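Chains: A, B, C and D, in written order; residue numbering restarts at 1 for each.
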Amino acid sequence: MSMGKFLRYFALLIVCTSLLTGCWDRRELEERASVLAIAIDQDEDDENLYKMTVQIPIPIKIAGSSGKGGGSGADAVKIMSVTGRTVTDAANNLQMRLNQRLFLGHTRILALSEEIARKGIQDIMDSFRREPQIRRLLWPIVVRGKASTLLEIKPRIEPIPVVFLMGLIENGMKLGRIPDQTLGDYFNQTSNLTMEPFLNYVEASKNEVSWKGVAVFRGHKMMGILDHLQTWALIQLRNEKPGGDIVIALPKTKNGYVSFRPHFAKKKVTIQDDFSATFHCELQGDIVELTEDLHIPPEQFVTQMQALIKKEMENRAKKLLQQLQKQYNSDILKLGLTLRAKHYHDYWKTHDWKKDFRDFPIRVKYTIKLRRLGMEMQ
Amino acid sequence: MENQQRNFGTWQITSIMISSMIGVGILTIPRTSTMLLQQAGWIGPISGALIAGVAVTAIVYLGNQFPGLTFVEFMPRIFGSVIGTMCICLFILYQFFNAGITARVFGEVVVTSVLPDTPLEVIIVTLLLLVLFLCCHEIEVVARVNELLIPFLLLPSLLIPLVSFMNADWYNLLPFHVESWTDVVKTGLDTYTLYTGYELLMVYFAFAIPGARLGVASITGMSFAFVVYMISVIAGISVFGYEELQRLIWPTLELVKVTQRTGWFLERFESAFLAIWVASVFTTIGNMFYATIFSLRQWFRKGIRFQRISAIVMMVPLFFFSLIPQNIVELYSYLKHLTTMGYMVTIFIPILLAITQFMRNKINKGRKENIEKGGT
Amino acid sequence: MSQFFQAWQKRKEALQSKALEQYSVESMESVSDVTLTTNVEENIQLIEAQFGKCDDLVVRRFQTKSKAQAAIVFIDGMVDRNVISDFIIRYMTTPDITYHDPATNELDLTDKLRQIVRNILSGCAVLIIDGCRNAYLNNTRGWDRRSVEEPQTESVVRGPRDGFCETLCVNSALIRFRLKDPNLRVRHMVVGERTQTDIYVMYIDGIAYPPIVEEVIARIESVHVDSVLESGYIEQMIQDRRWSPFPQIQNTERPDKVVANLLEGKVGILVDGTPFGLIAPAVFSQFYQSPEDYYERFYIATLIRFIRIISISIALMLPSLYIAFSAFHPEMIPSRLVIAMAAGRSTVPFPSLVEALFMELAIEILREASVRLPGPIGPTIGIVGALVVGEAAVTAGLVSPVMVIIVAVTTIGSFASPSYSAAIAIRMLRFPVMILAGMFGLYGIMLFLIVILIHLSSLKSFGVPYMSPLSPLNLNGMKDLFIRVPHHLFKTRPMMFHVQDKIRIREEDNPK
Amino acid sequence: MNRREGHGWHQTLSMWQQICLITSTLIGVGVLTLPRTTSSKLFEAGWIAPLIGSAGAFVSLWLIVKLSKRYPGETFIEYSHKVWGSARRPWVGKVFSLPWICTYLVYLYFSTAVVSRVFGEVVVTSVLLQTPLEVILITMFLLVLFLCMHEVEVVARVNELLFPFIILPLLFIAIASFQKAEFGNLLPINHVSMRSTAEGVYEGIYSYSGFEIMFVFFAYANQNTNKELAGFYSLLIAALLYMLIVVAGISVFGYEELQRVTWPTLELVKSTQVPGFILERLESAFLAVWVSAVFTTVANAYYAVVYSLRQLFRKGIRFQRVVAFVLLVPLFFFSRIPQNITEVFKLASLLGLSSLVINLLFPVVYWVAILIRDMVTRREGRNVDG
């Protein structure tokens, strides 16, 4: 046994590694320009150029850092725009204007203008696929009008607009109102032969941003949008998320409304032998509002309301299906996946789903389970 | 079978009685008792107490007659084995369903008011697991747990109505007149359900220390519950007025909400109230379920291991049973059916038992006297 | 390269051992191995010649009852004077007392000069009587000793409060007092050519594995050194790998710990003149195990063990994780936090590696200083130093606020290890990890961890693998590795020390 | 210097240590690409491949175990010349066994080069983008060198200690990614032909090789342990983990997307988020922990090479150290031969093929040789008797 082994070889290790002058990848936090969000637009002047806008936080301006106070939150971020033939080209041009290296590891939002989305975004997405720094969990969003407007909002609640946006989406996800569509999901859905992707769709005004629904894609091309009511029906049927409150006009009253808040959603898809699909969706929830008293006993009230909500939801789903099938011809319901999984030999092999989805008979059946009436007795 | 020691003191018996009686019912009692009687709703608890009192007397009588025996043991002696077995079955079923319904009602309260996004199942399961843990222990542990939890039960249920008297408008209680006496009886029959739980004494009396004053214990227990209910009803009526009470689903909880005091650390006590209320609901369900399981154990003359296994096994149907009502309205209709069954189990059977036993004693005495006479 | 190293080392060692041999030859030779004569004065001269001109050597001449010349020789301060005057001189001079020998409790006769000198040096009073060839060696040892006090380095909340002191016989008595087992064997050895330090090797016959005991004794015997001033000398001379940063022999101030380890089949080594005893063989779990674990109920003991393990990992890795995360993988830190951290770092002119090294160094200096500072001031200076320096460094923009938190947590973490010498190893290894983290990020940290792991698994302490019972896996030993199972489940002793008597709890003695 | 090991006996490998050795050698860089390679031919049913592959591997491992049982306490190097030679002329055995030993060693040697190269590629493309590939290789080799300085029992113990670092991250990923799983992606399972099943199994064969190091290490297994069982358990663990990862990959991504990502397992880490965890984006952490898995694969194979050479030349530990050091230099250059990632993958699949040959051919040929020898000796014995 030799005694000095450990020390000797450890010394060797240290000496060798330090002789090789390490620290290639060491780049301190403050030496990285962390891009929190990227927006991609068509350049106004040149059809073939992309305009890329990025949002970079200015650490020293962030309130609360090292106790200095942040001053006005308005200029806590720097917004820069560049043009380029491709995304990487634009990023290159941007790097030339920055003192620090661009760092995409913290990019949380990728905003795409509707114009670009309608043209197809395959070329844009390729660089996001290859770049290892990009997170698969970032949220691509389609913006009405210019995508850069999304980065330029001044929400005031948060000093950094992207943090506000993240909060908006995360909260919506938790409530089950906004679908959690990440970049990774988009990749999976575009690769997958059985389904089509969709992305969240927002509209930004000067100081605010509001979620408007989802943009439906076919391949890499945006086909159109679904408004928030349809989206909620979509996520009930697709993601088993409850969606938002359902407000329905009460029949036989002048101006009465009833509001139903779903808490849990469950769905089941069955394929009949004659190749038609039925979505069974069960919603559990409470009555949260009843603007006009109906003066009927509770038992009757419950059954009446359940029937009312069921009818309303089935109508909405029918509209949704109409739009998806006839207008956009895009299967974002993951119906094709079910078909391929369960009826591979007898259906999938003989049909071209991308074409046949349009005419595939789909029915939706809702089951409403009214659980509670709130703190009121009726 | 192991030898169960008879070591429940008078106060332990009292606390078992109180905590089995005071459960989720208190959350709705201001509404139920004013439904018919309106501003004179406070008569409800009185008439309920009177009805329950009769049954309690019967049970105390039985307890004194059969010291150290649970009803599983003495029922066949009085009724004979066939009817006795039926009665035992009925009793066990009633306790079982009652435990399930109580758990469900509590789950509803929590889900509606405090944790709206938590699945109801989770709340029920956690509560039932707690009960299961209790059921793994011997019966003396039940008594001790009840005894220790009494302050958690009495303090909030007395404190909340008393504090809310600050907002009381006493005119809400007037005029003092009763419209119809049939309403009083009806309300009495309704409010009497709040006192159910005393029938568990048929099990627990068997473990009282020889010489424990059962009568005193049950009178104390009844009066505690009575006072609590009375105050709640009065507070409810005087704060809200009976018309508003009809619209509130959990009036006592609303009482907590209106009770706000400046200068306290916290505002809005309903979450805290419900958190403490877990103790009370737990004792109610725990006592009921324990009685079910324990009766089974006695019936089959098995040991503690049987009790543990059957507790686990019974927990599963209990859980699913508690999920049967689809919504709150259905839940209340189930509750109503259960009450009907309750009349049978909690009033009819004890009284009948007591009368039969009384008659038997009389006959026996007569016979004895006859024999004595014959001897002389 | 390795060849060169080895050759170089070999030569060095050869030189050292030669020098040592010379020493021992000299000190042995210096006491001429002669026998005494019958003449008192001659003998006194012989002895005095050995000591040279030594003023603390006391020679008291007197006449015995039988009118023979006699002298008593001892070293001032090492003897109990009352014993000498009352039980030696008075017994020998008073005619009424018919008893002829001195009335001391340990009496020996010899005529060998070397033995006499050795005994004088260890506190005996030597009585020489004219006409008698043999000298009486009276055990009159009695110097001032520190009383048994609470151990300073290993204090526990619950557990015995007595610790070892500097006197060997007291220390062994503390062990005997706890372990009234006739099978407890004590081997006496003397190491140190000049210091002549007494060493007790203790083990329980029938539990300890004989080869381990023999190995310990053989290794101690092979130690040739001029002085042994502390048990650390022995520890470093006999451990398996002298170049390893990890302590392969455990040291302790607590007799209860020694006893517990003896009962697990280990060997205890007590050295005269130091309150630190040694326990061999040692395994890795010494880093986070404390005697208290066995005194408290097992839930608490287990929880505390896990806390210690966590704190040791923190002490080893937290600064380097900070470096790796902030300089290499900022994408791992949540976005909201990364902006705040970047804000904190924006004024700092150094890379995070330098920042961390700087702060760690500052803390080490503070700690060393507060150990040296006189009693009551020490902790104060420590706190003031840490607070003031930390705050000032942040305000001056030298370090980021997060760094201060990290350094503080690291320092506190390194104190949670119950073994001081183990904690030192961890503290030391922190620096290379930081450097590697500064080079390769998390990859570097993992590289170093694997190096440490290889080293640890190659370590053996007296034939027992250092990482046992984790590797080689021993499920029986796992009972006392991370969790401490309740005492009634410790049915056997840990097998990894090859114990002879395996049973700890005999079932038949414990009726249910 | 010449300190005794104490009462030091050389400890033999326990069953658990054998399991750790085999499993951690099996699980290496292959896992990072496994979901892609298996689903390329098998599509949705990619998870079948690890099961079939491991079953095949077990047959081969079983033969190896039998070989080692026939020559207890001897390594492949030691018993080879007994198999090929005759008692009268020992040189025959030495000469004839040499090609087999050489092939074996060269194969192991190159596999270490390829594995470390693949790992280097992963690190350089995904975490340490600016760091030269050479640095990653050198650090990895230095680590391996450090292990090769020690005796066999240390290797076993290191594997044992690193075992949880290999198993836990995989389990963690698989379980964490199931929250994003779309199980419809796993269906249908019955639309691939036998031929493409075989092809699919072959594609991932690279992941179930590595157990051939047991040609050497079984010699040190404790004679009282059941080696077949150890082999079975270790292959079972590996197969289950592989299956879990493949299932996770397919169900999260769908096989179409899997074909497009270079390191599917790494992408799995990327697309999962652990709720309530402080850190985000665990791929760097995963790769860091994964160093240990790669290290065990590379180091065990390299150790087998070096140790075999030591046995071949009947030298001591010092020879082993020098050889380990010297052989690293060509290894470093070999690992740099592939010019780009496609070539690396090509080489890896070539290696898979050769592992197939080695793992199946070697034990079978050896057994045939032994059986023939047995027959011959029996006949001779009968002749002598007659």
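Keep in mind that, in the parts below, a residue touches a chain if its C-beta (ideal position, glycine included) is under 8 Å from a C-beta of that chain, and two chains touch if they have at least 3 such contacts.
Note that the structure is a prediction, hence the values are computed from the model and not measured.
The chain pair with more C-beta contacts between its two chains, of A-D and A-B, is A-D. Averaged C-alpha coordinates give centres for chain A and chain D that are 42 Å from one another. Each chain gets one centre point, the mean of its Cα atoms, and the points for chain B and chain C are 68 Å apart.
For the pair chain A and chain B, the distance between mean C-alpha positions equals 52 Å. Each of residues 1-3, 5, 12-13, 17, 22, 25, 105, 135 in chain A touches at least two other chains. Contact with two or more other chains is made by residues 2, 9, 328-329, 331, 335, 440-441, 451 of chain C. Shared contact sites, meaning residues of chain B that touch two or more other chains, are absent. Counting only pairs that meet the touch rule, the chains in contact are A-B, A-C, A-D, C-D. Interface of chain D with chain C (complex): residues 1, 3-9, 11, 14, 16-17, 123, 127-128, 131, 136, 139, 143, 146-147, 150-151, 154, 156-158, 160-162, 278-282, 284-285, 287-289, 291-292, 295, 321-322, 325.
Chain contact summary for the complex, chain A toward chain D: residues 1-3, 5, 9, 12-13, 16-17, 20, 22, 24-25, 105, 129, 132, 135-137, 182, 184, 187-188, 191-193, 334, 337-338, 340-342, 344-345. Residues of chain A touching chain B in their complex: 263-264, 286, 298-299, 301-302, 369-378. Per the touch definition, chain D reaches chain A in the complex via residues 1-3, 5, 125-132, 135, 138-139, 142-143, 145-146, 149, 182, 184-188, 190-191, 252-254, 256-257, 259-260, 267, 270-271, 273, 280-281. On chain A, the positions that touch chain C within their shared complex are 1-8, 10, 12-14, 17-18, 22-23, 25-30, 32, 34, 36, 57, 59-60, 62, 64-66, 103, 105-106, 108, 133, 135, 160, 163, 166.
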